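Next up: the structures, one after another.
You will see two complexes here that share chain A, one where it goes with chain B and one where it goes with chain C.
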Partner chain A sequence: MSQAETAPQAGTVHTRGPVDQHDPARPRNPLWTLGLLRSEITTMLRRHRTFALLGVLAAVPVLIGIAVRIETGGGGGGSGGPDGGAGPAFLAQVTNNGLFLVFAALAATLPVFLPMAVGVVAGDAVAGEASSGTLRYLLVAPAGRTRLLLVKYASVLAFCLVATLVVAASALAVGALLFPVGEVTTISGTRISFGEGLVRAALTALVVAVSLTGFAALGLFVSTLTGSGIGAMAATVGLLITVQILDSIPQLSGVHPYLFSHYWISFADVLREPVHWDDLIKNFQLQGLYVTVFCSAAWARFTAKDITA
Partner chain B sequence: MAPNDSAETTGEATSTVVGRRKAARYIVPVAVAGVAAATIGLVPALASTGDPDLPKISAQQLIENIAASDAEQLSGTFKISTDLGLPLDGIAGSLVPDGEGKDAGAAAPQDKLMELTSGTHTLRVAADGPERQKLSILGDASEYSLIHNQGEVWAYDSKSDEVYHAEAPEGRDAGELAEKAPKDRKGASATPKDFAEQALAAAGDTTSVTVDGTARVAGRDAYQLLIKPKQSGSTIGSVRIAVDAETGVPLKFTLSAASGGKAVVDAGFTKVDFSRPAASTFAFTPPKGAKVTEADELETGKDERGAVQEALPGQLAELDGFEGFNVIGEGWTSIAEIRTPGGTGLPKAGSGEMPAEAQGFLDALGDKVTGKFGSGTVFKTRLVNALMTDDGSVYVGAVTKDALVRAADAAAK
Partner chain C sequence: MTTTGTGGSAGACAARAGAGAASGGAGTASTPGASGSAHASGGADAARATGTAGAAGAEETGPVVIRTRGLTKRYRGGQLAVDGLDLTVPGGSVFGFLGPNGSGKTTTIRMLMGLIDPTSGTAEVLGRPMPGAARTVLPEVGALIEGPALYGFLNGRDNLLRYDRADPTADPRTRRARVDEALARVGLAAASGKKAKAYSLGMKQRLGLAAALLRPRRLLVLDEPTNGLDPQGMREIRSLVRELAAEGTTVFLSSHLLDEIEQVCTHAAVMARGRLIVQGPVADLAAGARGRLAVTTPDPGDAARILREQGLTGLSADGDRLTADAPPAAVDLADLNAALVSGGVRVRFFGVERGSLEDAFVALTGEGFDVAG
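And now, the complex of A and B:
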C-alpha cells in the first residue's frame, strides 16, 4: 500500500497506537486491519469444516420441505395434517406458501443446528490456532493481540450471518420449488405482498444472525481459555445445551430472562402486523450485554495470556 | 514464565506487578456485568416512582368520567396475568383446548379465551367504533386473532393455520358484546351522572369505593379507583381500576386476594394509543388453503358432542336432583348453598365407590373440617372456596374457610 493512501487517515493511525504493543515509530496502514480481516474470513470460509457445517445447515430446509410435501401429498392440501399445530413453528403454513419455509427452517435450526455450527467456529477461533501452533506466527505479525481478537470475533460474526443466510436462501429456493408462493398472510391475519414478505424474511434472517452474536462472544471467550481446539468447541456446545436445558425448566423462570437463548424465538415477532418489538428489543439488549461482557473478558484473558504454542 | 509481549519483557518487572496488571483487565468485564445488573435492577424502580400530579376528584366524578368516556378508537398492547391458585396449576388451560379443540376446529374462540384464565398472556387490542374490533393473543411464534369487521367475525389461529368464521349477530363473542354495550347505555338513557350515582348506590353499605391516588399506566396519567369489600370474611382484598385521566378509559384492572401475595388477576395496557387504527388491521381474508370452519357447520358438528353433553347433565341431575339452591348472605360474602336430598356427598374412603388412589387424590386437594354440621372437605383456591359436607351439601363462595363453616353451621341449626 502506498503512503498516499494512508495519509488522509493519519488520525486513526495515532489513536490505534497505544493499543498495540509494538514499535510506534512506524505508521501503519489502516487498511491492513481490513486485510487481516479479509484473510481471516477467507481462511475461515475455505476450510472443509465450514463447508460441511454450511452443507448440513442447507440440508435442513430441504429435508423439512420434502417431508412436508410428502406428508400433504401435493400443495393446497389443507392444514398441516391431522395434528396441525404440533411440531416446529410455521410448519402448518408451509404447504400454502413456500415463503413460510424460510421461517419454519429458521425456527427449526435456531435452537440447535445454527448455534452448534457457530459454537464450533467460535470455540476454534483462538484455541484452534493455539493447538495447531499457528497462533504465535499470527502474533509475530505486527497486528497486536486486541486487533487479532477483534478480527477473530468479526470473522465469527461473519460466519453467523453466512450460516443464517445459507439456511434462509436454501429454504427460499426449496419453498419456491415445492410449494406455491404469493401474498403472505402474517400471523396476525393481515395480508402483505410477496415483496414485503421477502423483506420480512430477510429481516428475520438478520434478527436470527444477531441472536447468535452473544453466544459467539461466549464461544470466543471459552476459546481464549484453553489451548485445545476440540476442548473449546466441546465446552462451547456443552454450554449451549446446558443453557437450553435451564431455559426449559419452569422452576428456574427467575433466571430465564438472563439466558442468551431465552428470547431467540422472538424473531417470529417480525411476522406480526404491526411488528411486535418488545421482545425483539429485549433480545438485542441481552445479546449486546453478552457481547460486551464476554468480548471484554476474552480481551482480558487473551492480552494477558502466555502464548506457548 | 515471562509473557512474550515485547513491551512487557523489556523491563525487569516483577511477576507480581505483571500479575496485578493482568488481573486488572478483568475489571472491565466485571464492571460491565455489574453496571448491567444495576441498570436492570434500578430502571423499573426509577420508572415506578413519581406518581403523576393530578387534580383531586371524588369517586363519583371518576365513575362519571368512565361512563362518559366516548373513546371508540384505540389500539394497544394488553397484558393479563391470572393466578387463581388452582390446586393443580394450569389445569383449566391444559384440559380445555386439547379436549375440545380437535373436532370443533382449532380456531373456535371459546376454547382460546379459556386459556386466558391461567398464566400470563400478551394481547393486542384494536377498536374503531362499534363495527370493528380486533383481539389477538400473542403466543410463541404464533398468534390467535379474533376479528370483528362490520357483521363478520373471523378467528385465525396461525399455529394450526385454521380459520373460524361466523356472522356477528349470531356470535356470542367480544365483537358483539362491544357492539351491545353502547346501545344499552343509550337505551337506559342514563346520563353519566345518573349512572355514577346508581353505581355508588348499588354498592351501598357492603362496598367502599374511593379514589386512591394516581398512577402511570402505559405511559399515561391515571386515577386509581379502589373498590373494597366492607364486610369481613371475603377472600377478595380489593379491586383496583386505573382510569385514564384524560379519556376516562379504564387502563388497568387488579384483583387482589385478602390473603395478600401476587394479584389474582392483573390485567392492563402496557401500551395504548387513542388514535384510529389502520383500516387494514381489521381486514381479513382467509389465507389460501387454510381450513375454514363455519360457525353453522360447527353447530351441526356439535350434535354428536351435544348428545353426550346432554346425557351427562341428565345423569348428574338424577344424581343430585338440584333441589335446594339458595344464596346465603349478601354482597361480597354471599355463599351459594346447594343441597342434595339424601345425597351422600363425597364417597367415603373404603366404601368401595371410588378407587383408593382417587380418594387419596381428592383428600390431597381438600382440607378436612368439622363443625356443628358434621364434617366435610374444603377445597381452596385463592379466590373461591368450596365446602362439601359429608351429608352432601355444597357451599361455594368467595369467602374464607371460616365463613363457609359458619354458614354451614347456621344452616345445620
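And now, the complex of A and C:
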C-alpha cells in the first residue's frame, strides 16, 4: 500500500462520510435481519464440518438400502403388514416399495445420527464463534446480542430441516433406484397413491425436523454457557445420550413424558389413515415447551454475559 | 488520580502549545492559543501539569470522544482488573493507551465496546453511554480488539462481507464497493480471494484492520495494531493511522511500543495495575522527562568547568561525551556554545537531546514494564 495509492481512496471515504454518519438515525432496513440470517446460513453451510455431517446422514439410507437389497436377494420378500409402527418395521416394507426407505431411514437416524448432527451445530453456534474470537467482532459490528442469538437459532433450525431433507432425499433416491415404487400401504392397512405417499413422506420429514427443535434450543443454551466450541458440542451430545438412556429405563416412566425424545417416534403416525394426531400434537407441545424454556435461558445468559474471548 | 508528573512549568507550557498545534494539524477546530491557555479544572497539585492538562485542554478543543468516570471491573474471581478509571479522550486526537501486560488495557477496551459490563462507574463513547447505546454508537466505531479473528474457511473478502452484514445500519447497496475499498486500503486487494486460514499473521492483522475500516468511522479503537507486522507493514499502519486522523477520525491506539506511541500519538495515557497513572498530550508527558544537553569534545574537563560556570547542573562525563540537565528556556544555546569555544574547548557535537516518552514512562512507573502480579 503506497501513499499514492491510498490518497484518492482517502478522498472518497471522506466525501461519503457525512452521508453515512447519519446512518444510525435513519430508519433501519426491515430486511436487516434477513441479511445476517442469509450470511449465517451460508457461512454454516460452507463449513467443512457441515458437509461431513450431511454426508454421513446421506450415507445412512444408502447403507440401509444396500443391506436390505443384499438380504432379500432383490426379490419381493416379506410383505407382512407393519402393525407396531416402530422404526425397524418399515424395513420389511422397503422391498415392496422403495418409498418406505424414506420412513425406514428417518426412523434409523432420528434416535442418534440426526440429533447428534444438530447437537454439533447447535452447540457450536455461539461457543464456536466465541472460541475463534469472531463473536467479539460480530458484537462490535454491532450485530446486537438478541438479534445474533435469534439468527443463530434460526440457522440451527434451518440445519434441522436441511439435515432431515438430506436423509429423506437420499432415501428416496436410493429407494427408487434399488426397489420398485408404487402405491403405498399405510400402517392402517389402506392403500394410498404414490403421489399421496410422497406427500406423506415430505410431511414425515417435516415432523422429524420439528421434533429436533427442542433439542436444538437446548444445544443453543449450552452453547451460551461456555467459550469452548468443542466443550459445548460434547456437552450437548452427552445430554442427548443421557436422555435417550433415561427414556429407556422403565422405572423412570414418570419423567418420560418430559424427555424431549419421548414422542419422537410419533412421526410414524403420519402414515396412518387417517393421520393419528394425538402423539404428534403431544410431541409438538413438548418441543414448544423446550424451545420456550431454553431459548429464554439462552437469551438471559447471552445478553448478560461478559465476552472475554 | 495518581499523578507523578515531573515537568517544569515552562517546559509544560511550551509543550502544550506544541500539542495544540499538532492536534490542530490533525483536523480539529482547535487553535494553538486556546490549547496553550488551557488550565486544569480541578485538583491543585503541581503534578496536574502533565496529569490533567490534556483533559482540560480537550474540553476546550472539541467534543470528548471517550469519557469514563470511576470505571471499575472486578472479575468473578475477585480480581480487580480496572480500578476507578477516569479516562478522557479528546476528539480528533490519536490517543496512545500504554501499560504493561495485565494492566487492564484490554478489559478497559472491552468495556468501552460493550463486550463487558463494568462492575461500577460509567463509560461514554461518542457522547452516549455504553453499553446502553451500543446499537447507535458502534456503527460509528471501528475496532481491532486483541488481534484479528477470522473465519478460516472463508476468503478475505467473504470475511469482510460477513462482518459488514452483521451491522444492521450498513447499506447493502454499497457493501461490495466498501469491502473492496477497505481491502485496497490495507494492501490486501490482491490476496482477497485467498482463504483466511492461509494468511500470515500480518495479513490477518491487515484484514482485521480492513474490517474496522468498512465504513467511515468517527472513532477507531486499535489494540496493538502492528502486532505481527514486518517493519514495512508497521510503517504502513502508522501512515494509515495518521491519514485517518487527518480525515478527522479519532484513533484510540493501545500499544506496548513506546516509540510507536511517540511517533503517531498526540495524546497518551498510562495504566499500571488497573489504575490510570497519567494522561495528557504526548509532548507534555515526554517533557516530564527533561531533556539533556549533550556535548562531545576531546576536552571534557575544560568543557565541564565552563558549563558549570554557566550555571548548568547535573553534569556527567563519559569519555569524550559530556551531558547536563538542559538549561532553562531563557538561556540561548548559541551563547553556551560560544562560551565553550572561546574557552578553548574543541566541540564535535553540541545539542539538546529531548526527553523521550520512554524516559517519562520509566520515571512514572518506576520499575517499568513488569507484569503486575
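Heads up, the rule we're going with is that the second predicted complex is superposed on the first by the 271 of 309 C-alpha atoms of A that agree within 3 Å, B and C clash if a C-alpha of one lies under 4 Å from a C-alpha of the other, contacts with A are read in each partner's own complex, and residues count from 1 in each chain.
Here is the rule we go by: contacts are C-beta pairs under 8 Å (C-beta built on N, C-alpha and C of every residue); 3 or more make two chains touch, one makes a residue touch a chain.
All values reported here derive from a predicted model rather than from experimental measurement.
After overlaying the two complexes on the shared chain, residue contacts for A:A143 are found with chain C alone; chain B is out of touch.
Contacts of A:R46 after superposition on the shared chain: chain C is touched, whereas chain B is not. In the superposed model, A:G35 makes contact with chain C only, not with chain B. Contacts of A:D306 after superposition on the shared chain: both chain B and chain C are touched. Touch criterion met: A:T190 reaches chain B, while chain C stays clear of it.
Touching of chain A by both chain B and chain C, each in its own complex, is seen for residues 21, 136, 139, 304, 306-308.
Listing the residues of chain B that touch chain A in their complex gives 1, 3-8, 21-22, 25-26, 28-29, 32-33, 36, 77, 106, 124, 136, 138, 140-143, 145, 147, 154, 156-162, 270, 280-281, 283-285, 287-291. Residue ranges on chain C touching chain A, taken from their complex, read 110, 113-117, 134-136, 138-141, 143, 145-154, 161-172, 181, 184-187, 208, 211, 215-216, 218, 236, 239-240, 243, 247-248.
Per the touch definition, chain A reaches chain C in the complex via residues 1, 3, 5-6, 9-10, 12-14, 16-17, 20-21, 23-26, 28-29, 32-33, 35-36, 38-39, 43, 46-48, 132-134, 136-144, 147-148, 304, 306-308.
The touching residues of chain A, counted against chain B in their complex, run 21-22, 75-80, 84-85, 89-90, 92-93, 95-97, 107, 136, 139, 145, 180, 182-183, 185, 187-191, 265, 268-269, 272-273, 276, 278, 289, 292-294, 296-297, 299-301, 303-304, 306-308.
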